[in-house]
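Each of the next two complexes has subunit A plus one more chain, namely subunit B in the first and subunit C in the second.
So, the complex of A and B:
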């Protein structure tokens, strides 16, 4: 426009094309495709038969066929058990860590993080090594101590109780994080007011503290229940040998020969509905006013002196950490370094045989590692970029209805991994879009799964960046895209790095959705671990598992050094 | 034709009209102040000029070309304007030099030229020794100057300022007020300046626009606005005036509770209910009854405060209304005395309400 700039030394701005509108349209299309396509195919299969005729017979089967009905009952019972046990583990531990002067609190937090990062299927395998009725290390020790017969055993992990325990070891951190955050924010004056009136510690706890953290406790428990309900790895490893199915393993079995995709789709629908219901309830609980007003911090909480109870507290915390982290890790290390499972690790029995096997002999692993690494990097990079732009559009209201994009990006949080796997399989294994058997379908799955957490990261980050920072660059001549690239993204760079790290970790530990989508050419490390478990090769599993863990911890350590890291962000990692 | 023209501009958010039919002409090189109470739509008007918001009605023209209209607007990056934000909006990840150079880099100037222009503006804004610092390491006043330098270095056609001084303490604010005016006189950019501080408007503006509830109340020079308010709102907002209510006896005379006031301007209609404003410092006090009662009001001194430079009286009139009078400090009148206040006709102004 204005051409009259006589006497000025700076030329008028010549703005390049603003790509934002087409880009946003493309992004909207992508998110719609990611989320709605698999769900539509899932529903379509659920309500049709092999000849594509509408039918409700698939659902009728769920009610009439006991082999389909039973997994639901068992899965729900198991999940409730996991919820209860996670609570039992996490609540006292969170209280001890947040509210008492117990020594070594930061060590305990570090161990809880370790349990958080451990893929539950790996934990289940470790517990196989520890507590299988015959070969289990703990049972062997038990027989040795009491000089018992070879078939006597103390523990049997291949039971519903064993399964509940093995899952809870890796879901209790969800409860722990929420409860300890809530405890950190309980205003200490409320507690002091009660104490001053002469109430003993336990009365104060019961009347004041527990009611205040109740919403967090409930919300955390619901997350644990959701995790258990939608988990594939641990039940597949522990329930199948025990001879029973949960919903996820049943869905998987319906894809074994002869495949029954319509039935699998139908059985996925109630699971999806359970998940939506749980997420919805959890949101409602956390969104309640009473809980958010707790956020206003008033002084550091007063720590309770444990005195002679310290030993008891450490006994509890120690036992918990022993069971959830230390013993399983030791079991994996020992198995990785000895020739047969259960062999004591000594100078004589030490061997690198399994490492040699995994890295040099077993051809599938190098391919799987390459695939996992490639997909991890691609998903993390693409996912971070997409989440950044989506959060930008949604929170800055760039286009009318931009908030819908944000909504779409958070939908997958309520889609269980295996259900997504079914949907993607149905959507991309037909002749229209033949992606099944390629890495693309895995990339799509990973992006969908990781999108909610990544989006939420950025969406809260955007609230802390003043809009005027972007506007200042636009009025000086930057298009939306230039402003995003030169101002917003650099300001959010530590959020971006953190998001990248967590997507990467989430990707390398994902199993539930992948189990239906990988083929011989597109194996991943997590799937290889599951395959090796079927063939009983625990040594190789331990090597691969330890490798996964080391990579995860290395990345977490890097991310932890960033200023914006917060424990709560791990919440959306899945098993 | 003026350089910048707003005509019939309106902006609605849902049912709420936050800018209502605003028209304004700005000459090239002038400083125009938008002045008004909080929430009256100043920022919204400025954001429409900048292109961050589209009007629902009306249009904005620069040099005769339409840049904003309900049917579509030029995006902000194509307007060759600069804006100074209330929060300064300095980019925390860039040094002072990088902040200032940003706009020039977007204009694809070569490195040497950029360096030269940035050095010049930094010197003008007295920032040369702070060039390598980050915004987080600067004081409020320094940040303010960086944001000025960043806006000026691109030689904008129009400079927009949104309450640029509201975050500063009062000493610094006064200093920066003259600084902005000095820089303006040096570069002569057409400037729109938003503030709710009338002293700021008085010292910086060529033209003051008083806004109220989304509409323009009065446009005029600072002197116009101060000496000749046209509405009760403007008179009250500018402060320093007494406002008396009454009935128009004829076009120039108003009866305010028994006091007959001849005024400088004309009332719209005989027998109308009107208000009359008179500045506190134009009133004089006499202790003797005047011969001619017109424009004289009888009252009792209820308070008198010595303010050093002058004396501040509160006088209760026979009608029960209280007025304030500011006079010189000589010949004090003690509380309880009956006095006669002279309200000179040339300073009595009839207001529309």
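So, the complex of A and C:
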């Protein structure tokens, strides 16, 4: 590849500098700063005490102190529960959508996207409104149906089971996306062969289809588990009232007065290790999927006629969509438009009180909206640009060792949001680099969090663009940057737009890293929603939450018109 | 690590060399046209508060109406969160706060010790406030007082069945039916827990912890959970939120426990490094004025030290309630223990 440089002596062509090496160095430095700096501070704090002396006492506390040990046990149990339930939700739905002739499949896909876009903390708040044991709408209906006493209830969302359910409603799309993509690729000739041999549908499913999608199913489940393990908002909303901590809420509580940053750093380390382990396992599983794609080009997948089972299929899909999207959204709408939570929306109870409060009285609103919007745009723009160039250098091996960039850009996927928050706080609140309290620290956090997804999107896109096109341009004397600009960039434009939208939506729903990094001047909408939850102002939350959703859907709608916007690329978004 | 070492740790090089020699006595000031003009040039004042968000925004709106051209930025959170935030910001050299207000008197003792507060005292405060409700050096003054009360939902609990005392809350029939706020978040609850301990002891809290109590954070929230019928009884929570909700038609009622009711003094102060010093003085004078204090009482349901404030007739006057006080000088050393014990008994 490098030998094409000989062609530069063609006289008519202006010789200009090739920026790829300095660019490589700059990017490498940037990614190292983004990723390694906070992690190093985290480790440093974890193994030192207040006087900066080396110590292992922070870790000793993890073993000896039950108030630190219990959250780990609970969080792991909770995450496994979320993994299992997400699987149970997603697998049948993915099969119905990908492999049967059930009507309305595109509607179902749209609803799954809606569940995916819903910030999990907002879903948790909506489920508080729906299934709090006494004021919850569903329990009120239950009592009314069976004429029961005021304190009878069917659901209690403030339990570990309730928490698992409320998280699964918003993590099952990860499993769904991976499984339905895998199902789309299952060679139908194998299934047909099985059917021709006289195997009933169930046998074909069990012997052919399920084994073929198993890697995707496992990988998706691991992502759901990772999401649950690292999630802050939903446990803070549902577990604290129930009187228990998970790891993330415990880390956050260690920053309350009097703050114990060393202990918080120490407790973050095992969480980080869990996350790395999960990602590593997931990569291993997906790396072996070769045999599922072997016959991928053998024809369109065979759609199974559901016949009289259609109603059952719709019953399942409908119930799932009702639980994950429709009911929660209705609960938010009703709460936004009535005075007190749990009041039925009628002509009499209708009020714009909460809208008036949010937009005209609550002084944090406009600042938080401006910050959220500004950071969304900046992160999306910078993130897209950095990911694009990084993916180019890494995939084309422009510079020796370019792959390192790709590696660095993917590392944050294994850093839980709250751990990153701790690391960034420690790295940038000291007097060397005082970024705490500015929007910059939030920008850094957002960029780090969104980098893996953005990078993966471009990385796979580059694999589809032929190197020859770029090389042809280089032979004609263009520098690498010119080639990139004039040949590759236009091809990648739609990818870039999709990535941009994607990062933007990711930033407006992010809470777990931001909760430790925002200050009065650097408020974000997600954080004020959390603050309002702590004082029980659900009406105002509903208004702000609906606003976030409307913006997200507007952007999704725009992005959906682009051909490249596919579910598979959404995988590393987190809540 | 106790409070002091933590704060000095945060402060490091910044505030320690400036540790003040307090001039004795406050610097009393009036609201003059010059002050108003100077405040208008600054245009903004930043108010950190733990007041209920609706009440805080009402107060801000009243100020903005009286002094058009000066916007109030309300930064509301739990008292302990406000305190932690100011400590964190000062530790990172962020000078954001102009005027702060929390319901944990300990905070202001610490702010004062750190030399973070001015000695400005509005004339109204020095003339009208009882001596024990204002700092002798003028560093802070009691902006409000409020009680942490038991309360119940009148639709779910009949008046004659309602608990009369803290001891009643331990009855088996209330298991799973109570809500309670958190001392790690709320200054009111921290103060209230400290005030109750000499009377009830830790064994009360240990037993209460076995009653499957719904644990919320802010002391503004339990009354809201009662109003929506999520729980029937609050073991603690702001009296003023009960008033606010009751007056908007919610079926809830206060109980002044026979053992006594904890009172919380909410202080306010101006910060020395306030980015908007004149607007800060203007807001500070305003929040102690009769109008603002009357608004606090009418809309916010708060108790006032302003002798001119008239309480609504249906409210029980403080003189008829058995009050339990917490001594901030003692609480300062108890905070860690309270939080630790609390987590042991209540789980978080």
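To be clear about the criterion, the second predicted complex is superposed on the first by the 538 of 575 C-alpha atoms of A that agree within 3 Å, B and C clash if a C-alpha of one lies under 4 Å from a C-alpha of the other, contacts with A are read in each partner's own complex, and residues count from 1 in each chain.
Note that in this section contacts are C-beta pairs under 8 Å (C-beta built on N, C-alpha and C of every residue); 3 or more make two chains touch, one makes a residue touch a chain.
Predicted, not measured: the structure shown is a model, and the values here were computed from it.
In the superposition on chain A, contact is made by A:364 with subunit C only, not with subunit B.
In the superposed pair of complexes, A:519 makes contact with subunit C only, with no contact to subunit B.
Applying the stated contact rule after C-alpha superposition, one finds that A:487 touches subunit B and leaves subunit C untouched. In the superposed pair of complexes, A:307 makes contact with neither subunit B nor subunit C.
When subunit B and subunit C are set side by side, the one touching more residues of subunit A is C.
Of the two partner chains, subunit B is the only one touched by A:473; subunit C is not. In the superposition on chain A, none of the residues of subunit A is touched both by subunit B in one structure and by subunit C in the other. Subunit B makes touch with subunit A in their complex at residues 50-52, 62-63, 65, 67, 74-83, 85-87, 89-93, 102-104, 106-109, 117, 150-151, 153-155, 157, 160.
Those residues of subunit A that touch subunit C in the complex are listed here as 50, 67, 132-135, 150-151, 158, 240-245, 249, 253, 255-260, 339-342, 357, 361-364, 367, 429, 431, 434, 436-437, 519-521, 531-532, 534-537, 540. Of all residues in subunit C, only 1-3, 5-6, 9, 12-13, 46, 48, 52-54, 57-58, 60-61, 71-78, 80-81, 83-85, 87-89, 91-94, 96-97, 156, 176-177, 184-185, 213-218, 220-221, 224-225, 227-232, 248, 250, 335-336, 343-344, 346-348 touch subunit A in the complex they form. Listed in rising order, the residues of subunit A touching subunit B in the complex are 1-2, 4-5, 8-15, 18, 466, 468-469, 471-479, 482, 486-487, 490-491, 493.
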